[in-house]
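Next come two complexes built around chain A: one with chain B, the other with chain C.
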Partner chain A sequence: MTSTAFRYLPLVLLALAWEAVARFNIVDSQALPPLSKVAVAWFDLMRDGSLVSNGAVSLYRGSVGLLLAILIGGGLGMAMARWRLFDVFVNPLVQLFYPLPKSALIPVTVIWLGFGDGSKILLIFLACMIPVTIGAYNGARGSEQVLVWSARSMGASRMRMMWDVVMPSALPELLNGVRTALALAFILIVSSELIASQQGFGYLIGYLGSTGAYEAMYAVVLTVAFLGFTADRVYQVIMQWLLQWRE
Partner chain B sequence: MAAAMARVDDQPTLAAAAADLTQAAARRLDLVFRSGAALLSILLLLICWELFARSGRVTMFMLPPFSVVAEQIKTDALSGDLWRNLGVTLYRALAGFAIAACIGIVLGVSMSRNRVVRWFCDPIISVGFPMPKIAFLPVIILWLGVYDVSKICVVVFDAIFPVVTATLAGIAAVDKELVWSARNMGASERQLTWQIMLPAAAPQILTGLQVALPIALIVEIIAEMVMGGYGLGGAMMSASRFANSPGVFAGIVEIAVVGFLLIRAMAVLRRRLLSWHQETAE
Partner chain C sequence: MDDAAQIIIDKVNHTYRPPRGRPVLALADVSLEVRPREFLALLGPSGCGKSTLLYLLGGFLPTEAGRILVEGKPVAAPGPDRGIVFQHFALFPWKTVRGNVLYGLERQRMPRSEREQRAQAFIDLVGLKGFEDSYPSQLSGGMRQRTAIARTLAFDPNILLMDEPFGALDAQTRSLMQTELLGIWQRTPKTVVFVTHDVQEAVYLADRVAVMSARPGRIKAIVDTKFKFGARDPGVFRSKEFVEKVDELWDLVRVEALKAQEEKVA
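Then we have the complex of A and B:
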């Protein structure tokens, strides 16, 4: 207990330094409002419901896009690993899109689907699919050929073999790809809402910033940062649980 | 006798050499086949794009044909806009990346060599790494304005975390016996850092840099889109404001090419820097 407290003491010190710097006007309190005022602004935002309603929109967009990316990207990666002809033609396209800085897609998704949910979901889906596909591909390629052959010779159908043999052996790398995708989803959801949206965390941050409500803006920024951190931690726990069967 | 022995020994080596040759030939054939298929599939994608855009199922605004987009890129290139935007984007992204690399490696090394630094930075790094730091973009604009400095700062802020964690992990994985023997032979702490730990951790540090580079590009484009001004991302944003959809698609193609070339260059750099390492020999 004390060791945990000692470990996270620097964060507390940082928070205290923030409060002190802002309180004693060492920096402009417009640019850096004291942490205590930010906390007050956070409770206000929670009470009037704008944080919850915008947050729900963001999380909905993010989770639908990510889920689609995991399902389709994972399937694509495993199919690429198993069917050589498919791999030969699809892999170059994956390689082509892999280095594309995904944020470049923001204006295009807006052109296609407008300012609402659709464009954000499409963006998250397209961007997150790549790391999941590559993870699934590398993982499934590593699955032992002997296991595949024995499953086939014991009469497993192709689909069955994919599910029972290839999927489990691809799982560790697939899950790592999903972790990258999760981080990417947070980055893109916030930035695309900041650039082109009328709802969501990113919109709320931009709106509060432009009206000069900096305390509230800080409150939303910290909330998003905290959610991203928590999502990653929760995901790590799930990942460990899913990989328990490996010794 | 000795000659006969040699001949007997020669045969398997010859056979092995022949096998090596056929294997190399097969590998080369495979490579040719694969790169041919790669070109073909990219070509197919472009043709499908062109045909679909011209089929009348989508409007010119939704998806301009590739030829129109290529024309737009050519116009931008001839007027010089492309080069100016490209230069600005590359400058900020690479400056931010370079600063993040330097500070990140120094911070990683000092965290692994100094317990106080480690105690202070460890929770900040482990909490900060998974955070979507892009949310702090408006805060950085508030502090530093919308010009180069703030864009570079946003890039540094995002790209530094993978470098620090990779450096930490790389140094933690350095063979203990390597360190002991260096100490035993009288290496000073400075020599230990520069001549033992950094080279031994180099593969992992470079992996960290390879993670950080695409992040730097993504963030630079976002920063330009939010703050406006010159740059490939800024140009895309103003094109989309004027409903100039060939301009938007031209931006995607340009940014894709930049990303592709930079990431390739990084992989080449890795192979160069690690030419002494067994990883490259494979």
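Then we have the complex of A and C:
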């Protein structure tokens, strides 16, 4: 208990410093409103429902995009690792797409699918697919030949062997890729909604900022930060549970 | 050709093609027959292609020249009629002891209650009662190899292929496992093809020992090692007959081991 308290001590100090700096007008309290006022604004946003409704939209877009990325990217990576011909065709595309800043695709996805959910889901899917694919690819390539042979000699078909041996072999690296993808999803959901949306966390931050409601804007920013942190923590627990067989 | 043979290896050649570098002839004109319920050891220096021959038998590598027949049919793919135990166990690390032993039975579509029972019986047989829910990473080397043996025996293959199964174990564990394997083999008789580079191990376990030459691997000699006495107690090691067989085989292998060594240096 004490160690947990100690771990979060810097956060508490930061919060206190924030409050003090704003209270004593060391920086412009317009640019940095006191944390206590941000908290009040947060409760107002919760009461009028705008935080919940916009948050729900963002989380929906993010989770659908991420889920598609995990399913398709995971399959893609494993298929590339096992089938030479498939690898020859798909790998250059992945290599080409890898360094592209995915935020550059925000206007593109809007042209294709409009300002609604579709363009955000597509963007998150495309961006998150890359680390998942690469993780699955590297993990599956490391799957041991003798495990593949063992499964085959016990009567597993080739497809069955993919599921029983290649997938679990790829799992540790695949799950690391998903963790990166999770962070990417948060980045892209907010930035895409900031630029081209009428709903969501990003939209709310942009709207509140442009109307000068800085206290409320900070409240939304902190909410997103907290959700991102929590999601990563929960994910790590899930990951540990899935990989409990490792020493 | 011997009608009674269960496995017929007929003039098999195999070329190993590394991703980079020149192809290497690993097996040259290997012919060998194995009878039902026979324990045959493939003995040879490292790099002589004895494991390659076992992988060909398992159907893991394609037969390029010559033919391999198992019960009259050419080997085309891996199958549950030929169970294999690898040197480094090859257990599924994400499955528990029970999960590993169950795997083959699940693939054979055995009904649940039957396979649970059978898995337990084989876990008990190899002395792992109480470790059913442990993961391989939590077990010692000897226990991992016991699990691998139980996993392979459980789905009841006619032929047991063993690729230096005790090579990764310490000397004491190895000797215990050898005795245990003999006991298991006597209770559930199967045809065994056992790859090893350990002369004593070959003489102790096998009915016949096929000695292979340095690369390219050929069958250099086949030596009968079936002893008159039925029970193979550890006293065997001191018997005159045993010591003489070991010496005889050592003479055959030593030349090949030296050749293999020279090739490495050159």
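The criterion applied here is as follows: the second predicted complex is superposed on the first by the 246 of 247 C-alpha atoms of A that agree within 3 Å, B and C clash if a C-alpha of one lies under 4 Å from a C-alpha of the other, contacts with A are read in each partner's own complex, and residues count from 1 in each chain.
The rule is simple: contacts are C-beta pairs under 8 Å (C-beta built on N, C-alpha and C of every residue); 3 or more make two chains touch, one makes a residue touch a chain.
If you're wondering where the values come from, they're calculated on a predicted model, not measured in any experiment.
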item	value
Touched partner set for A:Val88, first chain B, second chain C, both or neither	first
Chain B versus chain C as contact partner of A:Ala5, first or second or both or neither	neither
Which of chain B and chain C A:Trp149 touches, first, second, both or neither	second
First, second, both or neither for A:Val237, with chain B first and chain C second	neither
A:Met159 touches, of chain B and chain C: first, second, both or neither?	neither
First, second, both or neither for A:Ile106, with chain B first and chain C second	first
Partner chain(s) touched by A:Ala183 [first = chain B, second = chain C, both, neither]	first
Partner, of chain C and chain B, that touches more residues belonging to chain A	B
First, second, both or neither for A:Ser191, with chain B first and chain C second	first
Touching residues (chain side chain A, partner chain C) in the complex	144, 146-147, 149-156, 160, 164-165, 168, 171, 244-247
In the complex with chain A, residue positions of chain B that touch it	33-34, 37-42, 44-45, 61-62, 119-124, 127, 130-139, 141-143, 214, 217-222, 225-226, 232-233, 236-237, 239-240, 245, 248-249, 251-252, 255-256, 259-260, 262-264
Touching residues (chain side chain A, partner chain B) in the complex	6-8, 10-11, 14, 31, 88-93, 95-108, 110-112, 183, 186-187, 190-191, 194-195, 201-202, 205-206, 209, 214, 217-218, 220-221, 224-226, 228-229, 231-233
Interfacial residue positions of chain C with respect to chain A in the complex	55, 58-60, 77-80, 82-84, 86, 88, 90, 92-95, 103-104, 107-108, 135, 137-138, 151, 155
